[in-house]
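You will see chain A twice below: alongside chain B first, and alongside chain C after that.
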Partner chain A sequence: MNQYSGWLLDIYSHTERGVVLWLLCDDGQRRRFRQDFPVTFYAAGPSERLRGLWKFLERQPLRMELSRDERRDLFSGSTIVLAATIESPCALPPLFQMLTRYFPDLIFYNADLHVALRYAAIYKTFPLARCHVLADEQDAIHQIKVLDSKWDIDHEQPPLRVLTIEPDADPFHNKPGKIHLRSQKNNMTLDLEKETPLLGLLGYLLKQDDPDLIITTYGDTWLLPLLLNLSEKRDHPLPFNRDPDGQVSYRKERSYFAYNQVIYRGQQVHLTGRLHLDIRNTVMYGDYGVDGVLEMARVTSLPIQTVARVSPGTGISAMQIVTALENEILVPLRKEQVERTKTASELFHDDMGGTVYDPIIGLHEDVAEVDFFSMYPSIMVRFNISPETVGTEKKTFETAAGLTSVVKREELGLIPQTLAPLLEKRFDLKSRVLSMSKFDCRYKNYKAQAAAHKWLLVTCFGYLGYKNARFGRIEAHEAVTAYGREVLLRAKEAAEDLGFRVLHLYVDGMWVQKPGSRAAQDFQPLLDEIKARTSLPIALDGIYKWVAFLSSRWNKKIAVPNRYFGVFQNGEIKTRGIETRRHDTPAFIRETQMQILEALAKASDAKELKDRLPEIRRLIREKQTALHSGHIPLEKFIVHQTVSRKLEDFKSPSPVSTALEQLESAGKSLRPGQSVRLVYTLGMPRARAWDVGTSLDPRRVNIPRYRRLLSRAVDTVLDPLTGGGRSWLTQVEQLVLDL
Partner chain B sequence: MGNVTPTITDILHREEANLAKFRRALRREDQVVFDDLFVAAYKHRAAASYAGHLLPFETFLLAMQMEDHKEVMCLRREVEALRSQIRLLLSESK
Partner chain C sequence: MDDLLDLRPRQWNLLVLPDRYRNRLLTATAHLAVNGPLIVLDCGRQFDSSMVARAAHGRAEFIDQIKVQRAFICYEAVKLLEKTPVGKTPILVLGFLSTFYDENVKMHTRKFLLESSIKHFERLSQGAGLAVTIHPPSPHEDFYLFQRLRSSASQVLVYGTSMTKAQQMDLF
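Entry: the complex of A and B
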């Protein structure tokens, strides 16, 4: 027997039996191990149908053990099931395609689970876990022990060898000519036209550097398919896979509808024995980068290549599955419960969502923003809200007002059990970040980890009410919002009792003001009081020197809940819902609006805002001149819009449909959910696709339209400042009108 | 995610749309008053939603009345302030 220790890089099904594990060993070697890992699935239903399934399974050419068992279903409790154990996890997916076709009336459990999650539930593994392994001469694992925990914050960093590959142009705009490769040892540029040296040098680099992680730009959707095709055409194998028996696997591109928008996921290229991340196809890459992806993998136990390309919802679902497996709770193939019939009155009372106030429109000084820490997940943990705990009739003193379903408190539910350690880790990280210098070497990594947790926690609430979530239940979802409303109202009452004016309430945050209160300690009694009344953690997000809540464009007297901007006492600018935050705002407009805000941020208080006026006036004039004299680079006019439907489904022409038509003629088609880049042009057609291939004549840019957009963006940030003492801004208002 | 009962804003939009013909037939100056009343209802959407009343229009009417009463209270305070100023001036002039 040999002993090894190192970091677990990846786990996947072996093509014949058990699983393959890759370890970054402490001696620098990358070792491939195999381990026997039988997996069990279950079926429940009428006994004669289960007998039929038993006979059917016996006829299959697979080594399988069948038995009758009793297991726990989260919703229906103890259930008699047929248990089938097979030696080869990779045989499960094709078997299930058959079973769901021949036995659609049976309920299947633990059927479609990723082998990495099954393994994690038994051995407590997670991607990049420190492991100690006992293996025989054929590298078959006999014992594996995990040495650290996924909940550790300052874990040892694995010695990942990284290779980055990046084309010299966006392949969906211009044809790239070269690719740049960078690793710890090498730095080179290869010509895509010269195929022989390209394949030779790339192959050499992959062998010599032997990277663990290949980070590409457009690797999924363009680069790797191109290189692999070329290698096949030229019969020159490229060792992208480290596993000699492994195959490069492709997942198809797809569009789907979620959270009221069409989302597009590009084609994926997965490697074996090595990891491939395409930064253009990595979910939330802009938010948390590689550090966040690795943290997401640690806490969810999903393989790194998978977790980088799935939504946080899949991540939270994976965490719930691991908790269920650890507690020997059956994981259904699909949700079997339907919502019970409710009266209209019940629906009105229970299905109300979070509390959102209309803020008091205008400019306010010395305003504190206090936020509940991950409010909905904290509520789930604090009040034990889980699909199986909601629905008892026994009321407790903590029952939220107006909530029909009451929550059982005796046993910790599946969801709180899953979320509690994640919340604790995030809380710990956030506390450390707050007391840490921005120049601390851990700062960036901590922020990325906290951002990854944030998205998991945000989606866990939605998943409680999602109709297809395996562990979802609408009553649990409603219970969370009911507690949320109660908590926020208690916070409002606490603030008013202590003499604060509540300017705004938004789901888990509150903006308050009190004459004379402008330092953090002035708000501490309020935080203490809210904590005492709600028993949930709350923190001061910051104190604004000034904040402006905006009115609706449609009616100036009506406020918009999530449209505001302000400057904290430390000079940090916060904006929500205005042009700078919108992805369909051209860079030129976004930059101008931000520059105006930066100029305003220099004022030490609201009274000094008028002193910034000359600077703002100068800035707007400069922008105006640049716009008219053609000094704005063309790419700053690009508008990004999401394609909501197929070209043929557009009923009337729009800038998006025009751009799609042009792209289609140029042989580039886009799918719903993808982003189309376009520039507004004069005459017909009114827009021009940026990626159409030919260059755009600057004289065709619709300057008047961009001028209107600029005017609107300037108006957004200056308009609230003109309320009250209007006289000092008259000149700027005039200037805006002149635009 | 969750259920799909109409939001309080949807309900308010619908109520306003139902009264579109009524509004159209009003004189221009009365239309302004009508619009102002709906602004008052918009301001209290959060409270109307929380109340979960089966006939939400009743809460909208109450919201309109409340804004009106706020205005009355404000004007009353101003009148009181002006009165006391006048009284002071009168007493000084005596």
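Entry: the complex of A and C
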């Protein structure tokens, strides 16, 4: 027997039996191990149908053990099931597909789970876990022990060898001519037209550097398929896979509807033995980068290549699955429970969502923003809200005001059990980040980890009510919002009892003001009081020098929740719901609005804002001149819009449908959920797709339309500052009107 | 009184309604509740309790005559039907096919679930009356499901192919 220790890079099903594990060993070697790993799935239903299934499975050409078993369903408790154990995890997906066709009336459990999650539940593994392995001469694992925990913050970093590959152009816009490659040892540019040296050098680099992680730009959707096709055509193998028996696997592109929007996921290219991340196809890459992806993988136990390309919802679902498996709870394909019967009034009262208290429109000084720490997940943990604990018959503890369901407290629910360590880790990380210098070498990594946790925690609430969640239940979703409403109202009462004026409430945040209170310690008694009244952690997000809550553009008397901008005492600008935050704002408009805000941020208090006006006036004049004289680069006019439907489904022409039509004519197509880039143009058609292939004549840009957009963006940030009299802004207002 | 929901014992009506009929449908639902209890199975996120409350002039004794359950996926829709007993209470199923257009569910499964639902409709129609509403299928929705359901209903009522007059929305 040999012993090894190192980091677990990847785990996947072997093509014949068991699983393959890759370890980055401490001696610098990358080793491939095999392990027997039989998997079991279950079926429940009427006895005669289960007998039919038993006979059907017996006829299959697979080695399989069948038995009658009793397992725990989260909702219905002890359940009689047919248990089927197969030696080869990779045989399960095709078998299961067949079973759903022939036995659609049966309930299947643990049938579609990722092998990495099954393994994690048994051996407590996770991607990049420190492991100690006992293996025989054929590298078959006999024992594996995990040496660290996914909840550790300062874990030992694996010495990953990274290769980045990037084309010199966006392939959707222009045909790239070269690719740039960069690794710890090499830095080179290869010509895509010169196929022989391209394949030769790339193959050499892959062998020589033997990277663990290949980070590409457009690798999933363009680059890797191109290189692999070329390698096949030229019969020049490229060792993208480290596993000599492994196959490059492709996942098809798809569009789907979730969170009230169409979401697009591009084609994926997965490797074996090494990892491939396409930064253009990595979810939230801009938010948390590679560090965040690795942290997502650690806490969810999903393989790195998978977790990078799935939504945080899939991540939270994976965590719930691991918790269920660890507790020997059956994992259904989908939830089997239906909503309980409610009267129309009960439905009205239960399904109300979060509390919003419209802001007091205008400019305010010395305002503190206090936020509950991950409010909804904290509520789930504190009040034990889980699909199996909500809606029980017995009232055992306090219930939130207005909640018609009651919550069982005796046993910790599946969801709180899953979330508690994640919340604790995030809390610890945030506390460390707050107390450390931005130049600390851990700062960036901690921030990335916290951002990854944030998205998981944000999603976990929605997932309780999500139609396809395995452990979802609408009553649990409603219970969370009911507690949320109660908690926020208690916080508001606490603030008012301590003499604060509440300017705005928004689900889990509160904006308060009190004459003379402008330092952090002035707000500490309020935080203590809110924590005492709600038993939930709350923190001071910051104190604004000034903040402006905005009105509706159509009716100046109507306030718009969560639409504001302000400057914290440390000079940081915060904006919500205005042009700078919108994806469809052209860069030129976004930059101008941000520059105005930066100019305003220089004012030490609201009274000094007027001193910034000459600078703002100059800025707007410069922008106006640049716009008219054609000095704005064309790229800055690009508007990004999400394609909401197929081209043939558009009933009337719009800029998006026009752009899609032009792209179709140029042989390029976009699917719903993808972003289309367009520029507003004069005459007909009114828009032009940026990626259509030919260059755009600058004289065709619809300058009046961009002028209107600019004017609106300027109005947004200057309107609330004018107050009632508007006297000190007259000149700028005039300028805006001129625009 | 709106005759949109004319529920009669031992019969089930299939109402094909475009979305613009939603207000009228919910108003008719509130009016039905004035006459007695009503079971609503909402399979297409159609039931808006505040709209129904307005139509019932905020009178709780009428609003609470309506017992609602919602389904968000086609499996749940079938489960709701399965769990609903035949009795003296009329049943209204809203937006029934909406969850069946979910492309994440394999077509053979959807067909199986639809057949189960049709059996339940036949069972439930033996009670105080059953109405099932669906919206006309869009070009990309599967026409088979629509046709199959249509062919199994006792009576099919199609609305909104051409509006005869402009309709003023109710203020209260």
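Here is the rule we use: the second predicted complex is superposed on the first by the 733 of 739 C-alpha atoms of A that agree within 3 Å, B and C clash if a C-alpha of one lies under 4 Å from a C-alpha of the other, contacts with A are read in each partner's own complex, and residues count from 1 in each chain.
The rule is short, and it goes like this: contacts are C-beta pairs under 8 Å (C-beta built on N, C-alpha and C of every residue); 3 or more make two chains touch, one makes a residue touch a chain.
Just so you know, these numbers come straight off a predicted model, no measurement behind them.
Trainee: By the touch definition at the top of the document, which applies to A:R334: first (chain B), second (chain C), both, or neither?
Mentor: After superposing on A, A:R334 lies in contact with chain C but is clear of chain B.
Trainee: Which of the two partners, first being chain B and second being chain C, lies in contact with A:P104: first, second, both, or neither?
Mentor: second
Trainee: Let me test your reading of the model: by the given contact rule, A:A344 touches which partner, first (chain B), second (chain C), both or neither?
Mentor: The answer is both, since A:A344 touches chain B and chain C.
Trainee: Could you look at A:I474 and tell me whether it touches chain B, chain C, both or neither (first, second, both, neither)?
Mentor: both
Trainee: Now for A:I558: first (chain B), second (chain C), both, or neither, which partner does it touch?
Mentor: Touch status of A:I558: first partner only.
Trainee: Could you say whether A:Y256 touches chain B, chain C, both of them, or neither, answering first, second, both or neither?
Mentor: Touch status of A:Y256: second partner only.
Trainee: Under the stated touch criterion, which partner chain does A:K438 make contact with: chain B (first), chain C (second), both, or neither?
Mentor: neither
Trainee: Using the superposition on chain A described above, determine whether A:G462 touches chain B (first), chain C (second), both, or neither.
Mentor: first
Trainee: Just which bits of chain A does chain B share with chain C as contact spots?
Mentor: Shared contact residues on chain A: 344-345, 347-348, 351, 474.
Trainee: Note which residues of chain A are touching chain B in the complex, please.
Mentor: Residues 259, 344-345, 347-349, 351-353, 355-358, 402, 462-463, 465-466, 474, 477-478, 481, 485, 489, 505, 555, 557-559 of chain A touch chain B in their complex.
Trainee: Spell out the part of chain A that touches chain C in their complex, as residue ranges.
Mentor: Listed in rising order, the residues are 100-101, 104-105, 256, 334-336, 338-345, 347-348, 351, 467-468, 474, 646, 648-649.
Trainee: Which residues of chain C touch chain A in the complex?
Mentor: On the chain C side, the touching residues are 33, 40, 47, 49-50, 52-53, 60, 63-64, 66-73, 75-76, 79-80, 83, 103-104, 106, 108-109, 112-113, 138-140.
Trainee: So in the complex, the part of chain B that touches chain A is made up of which residues?
Mentor: Listed in rising order, the residues of chain B that touch chain A are 1-3, 5, 7, 35-36, 39, 42-46, 49-50, 52-54.
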